[in-house]
Every structure is written in structure tokens, then in C-alpha cells.
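Note that subunit A is present in both complexes that follow, paired respectively with subunit B and with subunit C.
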Partner chain A sequence: MFGDYSLSDLGAIFAMQGFAGLILFSVYVLMALGLAIIFGQMGVINMAHGEFMILGAYVTWMTSSAFQQYLPSLFPGYFFLAMSLAFIASGALGMLVEWALIRHLYKRPLDTLLATWGLSLILQQAYRSVFGAREVGVELPEWMMGSWQATDAIQIPINGMFVMGLTVLITIVVAYVLFWSRWGRQVRAVVQNRVMAGAVGINTEKVDRYTFGLGCGIAGIAGSAFTMIGSTGPTAGQLYIVDTFLVVVFGGAASLVGTIASAFTISQAQSTMEFFLSGSMAKVLTLLAIVAILMVRPQGLFALKVRK
Partner chain B sequence: MIINSRFFNRSELIGFLTLALLLFVILPLSLDIFRLNLVAKYLTYAFVGIGLVLCWGYGGILSLGQGVFFGLGGYCMAMYLKLEASSVANTKIQSTPGIPDFMDWNQLTQLPFFWKPFHSFPITLVAIILVPGIFAFIIGAAMFKRRVGGVYFAIITQAIAAIMTILIVGQQGYTGGINGITDLRTLHGWDIRTDHAKFILYFVEVVLLFACIIAAQFIRLTKLGRILVAMREQEDRVRFSGYSVANFKIFAFCAAAIFAAIGGAMFTLEVGFMSPSFVGIVPSIEMVIYTAVGGRMSIFGAVWGSLLVNFAKTSLSESFPQLWLFGLGALFIAVVLAFPNGLSGIWQDYVQPHIDRLLASRKAKPGNGFSVADGAPAE
Partner chain C sequence: MSDEQKPGLRSPLRRKLLMGMAALPAISMLPRASFAEAPATSAVNTTGLAVTDSEVTVGILHSVTGTMAISETGSVEAEKLAIEQINAAGGVLGRKIKFIQEDGASDWPTFAEKAKKLLVNDKCAAVMGCWTSASRKAVLPVFEQYNGMLYYPTFYEGLEQSKNVIYTGQEATQQIIAGLDWVNKTKGAKTFYLLGSDYIWPRTSNKIARKHIEGHLAGAKIVGEEYFPLGHTQFNSVINKIKLTKPDVIYAIIVGGSNVAFYKQLKAAGIDLSKQTLLTISVTEDEIDGIGGENIAGAYACMKYFQSLDNPNNKAFVSAFKKMWGEKTVIGDVTQAAYLGPWLWKLTVEKAGSFDIDKVAAASPGVEFKGAPEGNVRIHENHHLWSKTRVGRAKADGQYELIYETADLVEPDPFPKGYQ
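Up next is the complex of A and B:
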């Protein structure tokens, strides 16, 4: 399959597909970070995660429309406000869902899967009723359009670079919050031993609620970033949910490093293969490879050793 | 062994007879052929449901990939029917006569090798059972031997469902793509599109369904079923007692896959086509919810669940398409939160005690009391 390309062509193809892969990687990481927190730390399978992401995307779209109409002068900076709003909206909805639904099901992880799937159906239909079935696209501010010409053969879009920078930033923030803040220590304590954590005075219910909220909030930011590279529809979240779960499982459920490493591997494999094979075959091969590896190594790439 | 002494206890016998009366007599007499065909379509999901009761309710293995097996069974049947429908005489206008029309559209000039066995009806029947069975065995052996279970198994089966759909849609020339395999006409020379054929197929399906119910009941009542329950409750204990947990799980998963495949094959016959929209993630999860609504521990519940949810789906989405998804979503949540044992749980908790009391008081009146041996065994 490489026969028709010269060596320098191949280099440029790999660089550009690699970069396309990096954008996919950013979306995967942002989605998977939230999921890894919820699934890895709390053991809850949140099938509605994609819908939380889409909520963030719709919030971004509404903010951008509002800015266009009422504050055109501030439009170049709307994204930062939109992102915060997306985080707050998805996080608040997440906490509400945790309170109403998830907290009754902590002992039955398989049932959280069914219940959140039901939630995702309701949310999808709600988006369809409110925003319409058509996909909406966000208009980018001028400074994000265009691309940066690295060499004559390699072009790198600016919005892609922005999304990547954002991903790196959020990953650092999440890592800081989980590993160095007081609250993060509480979360990890609850994960490792719920009873003992409660016994030393941690309010485990509150920690659960905020953890779930944080995971959903990050999904909202993922949705915000998603608007820069694709259009938003009511069912767009469902397209990503299986991939994202595989990213989390492949990386090792409770490990953030694993999540990032597996998101990188999967997105790069997929986008590089996409150039040479059809898109669907690239996806099939990637997913098959993951499933095969998971059969050999079920605990994922980076497994956290916890005594059960 | 006390519980094993009778194949059906009294309440199960009542359930069995009610269902038989409904499916064999009441529905065929009261519905026109179009509605009866719809019921037949709903019942194909009941096969999947019975399998899920065994593997999820009893074995504790939630598979979100039952659509794959449903689809494999359905596609095996569809391939046979399609080959029969695309005889050389029927496909004279194609550039390569004698191959299915969608292959011709995709510039294939030869029948792919894996289609060739499906010229023969006996091989097709065997394939409907064996292909999903072997596939399930491979997945099950790879996963359960390594003690992958629970949530991980659910996610991986879901990924397999996704892979299957993408593969079928992507390989248009070999599988018919997103449209699936359509325009099926005859089964061994017998036209399946007439009303008469649909009527007969309905009865064939109901007979098969009862065969599956009895098979599932048999599995449930033997020692095997007891071990499945024990495994779900305390897997380690069963393992330490010397049983091979993995093999029992593989068996339950394969049995569920084969039931699903029979349902899929019947689906193709009843509806007249097979497409990837019955294979993927969404249909697979919907099949789980039919079982959950009926009651994940009850074989009859699975049949009732498939009938009722699908009936609600058809009537609601006919008149209020918007409402249906809200309704389905609420159903998921309600079943999980409030009624984990579904309709059969509600029946057992609220209706059954009243009936028992009624029967008991009637028996008590003549003065001889009621014997414990006659009553329903304690749960």
C-alpha cells in the first residue's frame, strides 16, 4: 500500500495524518478523561457521557450565536466564556443525575449501564425537540481559521492546534486536581477503600457527587472543543461513546496515564490507516486490534494494583 | 433435588399454558395477517430474551452484543434465500447472472467463497446454529478463561457489535451494505411472501419458541442452572469448590447466542430481509431491555417483555414518534431503579400472593386444610 508514494511524500502524509490523529486524540482524551474519572474512580458506566459532551457543544453553539447577535465586538473571545459555561452546564446536570439516579445504583454497576443508556435516549430526544434534528455548526472567530504552513507539503490548521493546546492544559489541571489537591486525595481515598475513607471523616456521598460532576463537566469541555472541528447533532455523542469506553478500558480503567497513552495509540493508528484504507476498514482494524489485545491483557495497558 | 422433582411447578405451568393459549389460539384467531406478522416479528426478539435470561439473569453475564448473534443467524438464512432468489433465470439482465444483485452493482464477478455453502438448505440450517455458536465460543473462551467479566465483558461485546456493523456496512459487495440483504422470495421453492406462508411461518416460529422455552427450562432446572446461579452470587466459592467457572459461563453464553441466532433466522423469514440495523449497539441494548422489562430471572417474562415493549413501540411511534424515545428512556430508568425484576417480579410480589391466598382459602373451606406439598415451592 506504500508502493505508489515517494519517500518524502510518505513523510508528509505521515506528518499530516499524524496531526489529524492528534486532533482526534484531543477529542478522545477530553472525552476519556471524564469517563476515566467516572468509570475508573467510581465504577459507574456512564453511557450518557456522549450526551453530556453534546450538551457542552450546544452550550458553545448558543454562546457563539448570542455573541454574534449582541456582542459582535467581543466575538473573537467568546470561546473562553463558552467553555466555562459548557463545563458548568454539563457538571450541574451531572450532579443532578448523580443525585437522582446514580447514587441508588453504586452496588449494581451493570444496571448503571442500562439506566444511563435510558438517560442518553431521553437527552437525545430532548436535544432533538429543543434544537432540531439538523446538525448545527459554530462559526469560528477569524484568528482560529486558516492554517500554518510548516513546509510546502505540510499544512497544520490553527483550530486543531488550539484544541490540542486546550487538551494539554485541561489534562494538567485534572492531574493536578486529582493528585495534588486535598479534594483529589479524598477522591482517591474513597476509590481505594470506601469504608475506611468514611471512617476517617470523608463525606463519601459528597465526594461521589462532585467526582461525577467533574467527569461530566470535562465532557462538556470536550463538547466545546468538538464544535471547532465538527458539527453538532443530537446523536453525535453516541458515535463516540463506544470508542471512548474502549480507550478507557484499553488504557487501564483507573489510570490517567494509561488513558492518555491509549487515546494516543488508538487515534494515531486509526488516522494513519485511514489514509491508506477506507475509513470503515481503518476503524474495524483498530477496534479489532484493541479487542484482541484486551483478550490477551484484560487489565489494560496500565493497571493500578489495588488489593480487593 | 426436591425442586427438580417436577419440570414446571404450578405457577410456571399456569404461565406456560397461558402463553401457549395466547400464542397458539387467541392471537392467530383475533388478529389479521398483517398484525400477526408483526407479532411474529416481536417474538423473534423473545428468542434473544430467553437466551439473555440464561446468560444474564442466571449466569450474571451481561452481553451487549446479542444483536451480533441475532444478525449472524439472520444473515445465514438471508444468504440462502438470496442465492435462491438470484438464480440465473431471475438475474438475466445482470452483467454476471447468477450472483446476488448487490454484488453485481459492486462489480463483483464471482460468488465469494463464504457464500458458496449457502446454496444448500441443510448446510444453511447447520450454519445458523454453528456459526454463531462457534463465534460465541471463541469470544467466551478468550474472555472467561482470563476471568474477564462483568462490566468489561459488556463493553467488549458492545465493541464487537460496533465492529460487526461497521464491517457489514463497509463491505458492501459481500454483505449488501447498509441496505442489507433484501428482495428475498422463496424458501426451497416455497414462496414466503404470501399471507398463507406467513401464517404457517408464525406457527413454525411459535413451536420453535416453545422448544426454546423448554430447553431453557431444562437447563435452568438441572444442576447446571444451579451452578450458574451459584456463580452469579459467589463466583469464587464455586471456583474453590472445584468447578470450572469459565466453562459454565462459555456454555451459557453459547446457548444464549444460539437462541438469538434462531430468532434472527426466523426474523429473516418473517420480515423478508436482514440488515445491519438489527446487528449494532442500539438493537443489542434494546434486546436487553426487553428482557429486563419482562424480568431478567423469568423465561416467560422475556417473552412477555418482548411482546409488550415492541407492541408499545409500534403503537407509540406510529402516533407519537417524539414520545417514543422519551418513553423508552424512562422505561430503562424505571425498570432499573424501581423494578429490577421486571414484570415477572411485579407479578410475583403483588399478584401471585393474592392468587395463592384465594386458592388457599377456597381449599381451606372444605375443612381438610391445604397440604404444603401442593403449594408453590418456596422461592
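Up next is the complex of A and C:
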């Protein structure tokens, strides 16, 4: 297929293709991070993850509309405020859900699957009733649209680079919070041994609530960022949920490094194959490969070594 | 002061003319007014449908919950508007239309179940409904078994014809061939890149497009054809492939949430639709609402109706629609086709002089609706509509600007020879 093209053409395409892979990688990491915290650290199978993302997207849409109407001069910068609001909104809803629903189910992790699935249906219908069944269009400030002309032939989407930067930032923050902060130590202590952690004076309920809130909040940020590349509608969260679980499970549920490694593997495989084969075929092959690898390594790529 | 004193009315001829004009509206009411009473129920309803002396019941069957609610909401709104207008104009054979709405919930077995309910329990004289081909395929056996009448609004892949269905949207050849001819002639397009979501409608449509491009357009060829799972949100790889192959035309039949992702990423990747020709048959004004006009401005769409069509019927329709459903609502191709359903049914019933399904089905061919927002339409022997095909260009405000329309109504051909 490459016979007819000049070397510089091909070089440019491969450079852009490399970036396409990296952008996909960032998207996967961003959507999986929140779930990795909730599923990985707490063992809660949160089927409503996508809906928490979409809440962030709707918050972004509302912020954007508000800015257009009342503060058009500040419109170019609204996205940063929108992301913070998305974090707060999704995080708050997450804590509420944890208090009302999830905390009663910690001893029955499989039931969280059903409960959160029900929650996702409720949220979808709530969005539909509040915002209408049709998709909403989030308007972006001018500087975030279009592409950066690296050379004559190489164009890199600006919103893609924005997502990449955001992903790096959030990953660093999450890693810091979980591994170096006092609160992160408490989280890990609760994960490893809830009774013992309680015995040494950690308020386990509070830790649970904040952990769940943090995971949902990050989902909100992801949803906010994805308004740049995807759609915002009541059921748009469903578009992400399968890929998200794929990344987390493939990486090894309890490992942040695993999540990142698996996002990298899946995204590169997917985007490379999509280039040489067709979209549907690439998806089939990726899924087949993942199934095969999980059969050999059911615990995922990276797994915590625990005594059994 | 009496009218006689006005100088303008002194001439006897003018007075006669004026009186004649004043009587005009009354003439249009004659068929109903002159018989005073509506025809007896026993005469117009011999098969036990839900028709009384003053009312007739029809069903509305769309998804108002689930994924498809995004698309089907507009159809429901249009059908309710049409029913309201018909009732305001005196109803059908002197009977007001009462509707029963059921929710298909984006789930095909539910559609079949609700269709059965509407036909068997409610004895609806007609049903306006369905959107996806999957839902239509699910209800088709129900309508055929219990002998109902379905008015189906969506443009679709064709390859179907039933006594019990009137297809008010375009079938594939009507939508595809004229558009390809147009882009080939006016843009000199020779190379095409076909894209689609991975299910029956885009695949069948692209198959027809391929046959037409390779068989009927001199020197034209296809440089790529690709499908994506429904809900796919990452298009960067295929955009790179498009950049590499530099097609004259990107032919896109992507639907749902993927649509939004595709156009946003196309724009972000630096593909300028004012220079790169893109022709789609799946983006109506409804979809642009979600995509954002600035992301798709410059793209061409080929269908039969745009909200911006400049004719009196359409202006009245648009303003009535906005009055009923809000200033901000937009009207896409399918919404307009859904609006045709109740009207075509009314005209057919009045032509047949009966609500009986068999008589309505038999009377359908040849029924003309001159008041359609898209302009005159006529039902074909094969129960599809003769209608014009139009090409519009998307503008940043989310509306299409009409670029081209076929001179005559295009004949529907659900089983196109040489295209299968």
C-alpha cells in the first residue's frame, strides 16, 4: 500500500500516527484512572463510571453556556474552571452515592456490580429528563480547536496534546496522593486490612468515602476533557465503559502502573492495527489478544504479590 | 356606516368578486360541511378498529428512553404536531385523531411487544413509528400478522416492501445516486473514501455507492472503505489514512455518538472541510446540534429535506414546529418525514373512504400530499415515496444551505437491479 508515496510523505504519516497512538493512550489512561482507584483500591465494580464522566461533560457544557452568555470576554479560559467544577460535581455525587449505596455493599463486591449498573440507568434517565434526550454541543474556545503545524506535512491536533498534558498532570497528582501522602497511606492500609487499619485509629468510613469521591471526581475531569473529542449525551458514558474496564482489568486491578502499562499496550495495538486494517477488524483482534493474554495471566499484567 | 357607502364597493362586478372570494374557504370545507354528518362508523370501519363516531385511535411507537431517544425524539414531536394540525382542520372523515404513545425503549423485542399491544389491544387504525431498521424488522411480522398499518419515517437501506408499511423516508438509491452524480459532475470527484458505522444501513448504502461509483462514473474509483463499531470514539488512525490517500471525496455514513467524535477529530486534525469535499448521508440538523456547527461547516449532506428549504409549506411547518416545541429545536430530514406520516394516512383514508387496513393499503399508491414541507410527494406502487433528492452544505450556525436539488421527483427503487 505504500508503493505510491514519497518517503517524506510516509515519514509525516508515521509521525502523526505515532501521535495518534499517544493521544489514544492518554485518553485510555484518563478514563481508566478513576476506575483504577475505585475498582483497584476498593474492589467496587463501578458500572456507573461512564455516567460520572458524563456528569463532568454536562457541567462543562453548562459552564461553557454560562460563560458565553455572561462573561464572553473570559470564554477562552473557561475550560479550566469547567474542569474544576466537573471534578467537584462528580466527586460530590460520588461521595453521596458511597454514603447512600456503596458502603452497605463492601462485603458483597459482586452486588456492587448490579447496584452501580442500576445507578447508571437511573443517572442516564436523569440526564435525559434534565438536559433532554438530544446531544448537546459543547463549544470550545478558539485556541483549543484546530491543529499545530509541526512541519509542512505534520499536523498534531491541539486538543489531543491538551489531553496528553492533562493526563500526565493528573497521573502525577494521583500517584503522589496515593503513594506519598499520609492519606494515601491510610487508603492503602484500609485496602490491605480493613479491621487492622480501624484498630490503629484510621477512620475507615471516611477513607472509603473520600477514595470513592476522588475516583468519581477524576472521572468527571475525564468527561470534561472528552467533550473536546467526543459526544455529550445522556448515554454517551456507555461508549467508554467497556474500554475502561478492559484497561483496568488487563493491567491488573490493584496496580496503577499496571493500568498505565495496559493502556499503553492496548492503545498502541489498536491504533497501529487500525491504520493497517479496518476499524472493526482492529477492535476484534485487540479483544482477541487481550482474551488470550488474560487466559494465561488471569491476574492481569501487573498484580500485587499477596500471600494467599 | 354601512359597507355600501364605501366607494370601493360600488361596482357590482367587484362586489360579486369579493363575495366569491369570501366563499372560497367555505368551498374547501364542502365535502365535510355539505354532508353535515361524518359517514357512519359501520360503513368506514368494517374490521373492528378503534374508530367511534367522533374519534379514531392511532399509535405512536418510538424510543423516548435509551440510546435511540436522541434521534427519535424529533419524530415523536413531528407526529404529534401533524395530528394536532389535522384535528384542528376537522380530523379524518369527521373524526378527531386520538393517539396512544408507546415507548420502544431502544430495545427491538420491546418494539415488537408494543406493536402487538397497539394492534391487538388498542386496535389502532395506523401506527406512526420505528426509527432504526432493526426496530422496523422486529415489528414487521407483527404488522403483517395482525394486519396493521405502519408509517416509517427514516431514510433506510431499502430491500424491503410490505403491504403494511408506508416508507416516508428515502430508500438508499434515492439518497445515494443523485448525490454521487452531483459530486462527480460539479466537483469533478474521481477518488472516494467510504466510511461507515458497522451495521446494515451504512454497509448496504456503501455497497450501492461502490456499485455506482465503479460502474457508472467514468474513471472514478474507491481508495478506501472502512467500518467502525457503533460507539467508536477514536478516529485519528483513519484520519491519517485519509491524509495519506488524499481522496477527492470522503463519503461518510457514521451514526450516533461516533458522529460527534469523527467530525471533532477531523477538524482537530487540520482537515479543512472548505477544501476537502466531504459528503454524508447521515448528518441531519439534529446531529449537527451535538457535533457543533463550527466543527462540520463546509460538509455536504445528501438527503431530501433541510430545515432551510425556502417554500411556503416549509416556512409554515417550521414556525408551527417551533411554536409547539420551542424556538431552539431544529428539524432534520427524518423529523420532516415523520410529519408526513399522519398526513399521508389522512389523505389515504379519505381517498379510500374507509379506515379498513386493506382498503387503506390498496388506496395508498398515487396518494399525493401537496402540502409537504419538502414539496409535493406521492406514494409509489411499492409504498415508498417519490421525492426530490437535495444536496445541502453545512453552515457554522448548524443549518444547511441548499446547493442542488433534482429537477424531478426521484422514483423509489427498494430493490435496485445491478446494485445488489
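What we mean here is this: the second predicted complex is superposed on the first by the 293 of 308 C-alpha atoms of A that agree within 3 Å, B and C clash if a C-alpha of one lies under 4 Å from a C-alpha of the other, contacts with A are read in each partner's own complex, and residues count from 1 in each chain.
Quick note on the criterion: contacts are C-beta pairs under 8 Å (C-beta built on N, C-alpha and C of every residue); 3 or more make two chains touch, one makes a residue touch a chain.
From a predicted model like this one, the values you see are computed outputs, not experimental measurements.
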item	value
Touching partner for A:17 - first (subunit B), second (subunit C), both, neither	second
Which of subunit B and subunit C A:298 touches, first, second, both or neither	first
Touched partner set for A:104, first subunit B, second subunit C, both or neither	first
Touched partner set for A:62, first subunit B, second subunit C, both or neither	neither
Partner chain in contact with A:114 - subunit B first, subunit C second, else both or neither	first
Partner chain(s) touched by A:283 [first = subunit B, second = subunit C, both, neither]	both
More subunit A residues in contact - subunit B or subunit C	C
Contacts of A:122 with subunit B and subunit C, given as first, second, both or neither	first
Touching partner for A:246 - first (subunit B), second (subunit C), both, neither	first
Touching both subunit C and subunit B, counted on subunit A across the two superposed complexes	125, 128, 238, 278, 280, 283
Sites on subunit A touched by subunit B in the complex	43, 45, 101, 104-105, 108-111, 113-115, 117-122, 124-126, 128-129, 238, 242, 245-246, 249, 278, 280-281, 283-284, 287-288, 290-291, 294-296, 298
Of subunit C, residues touching subunit A in the complex	64-67, 69-70, 73-74, 198, 225-229, 231-234, 236-241, 243-244, 256-261, 264-265, 267-270, 286-295
Contacting residues of subunit A [partner subunit C, same complex]	5, 9, 13, 16-17, 19-20, 23-24, 27, 125, 128, 132-139, 145-147, 149, 155, 157-160, 226, 228-236, 238-240, 270-272, 274-275, 278-280, 282-283
Residues of subunit B that touch subunit A when the two form their complex	62, 64, 142-143, 146-148, 150-152, 154-156, 158-160, 162-163, 166-167, 169-170, 281, 285, 288-289, 292, 322, 325-326, 328-333, 335-337, 340
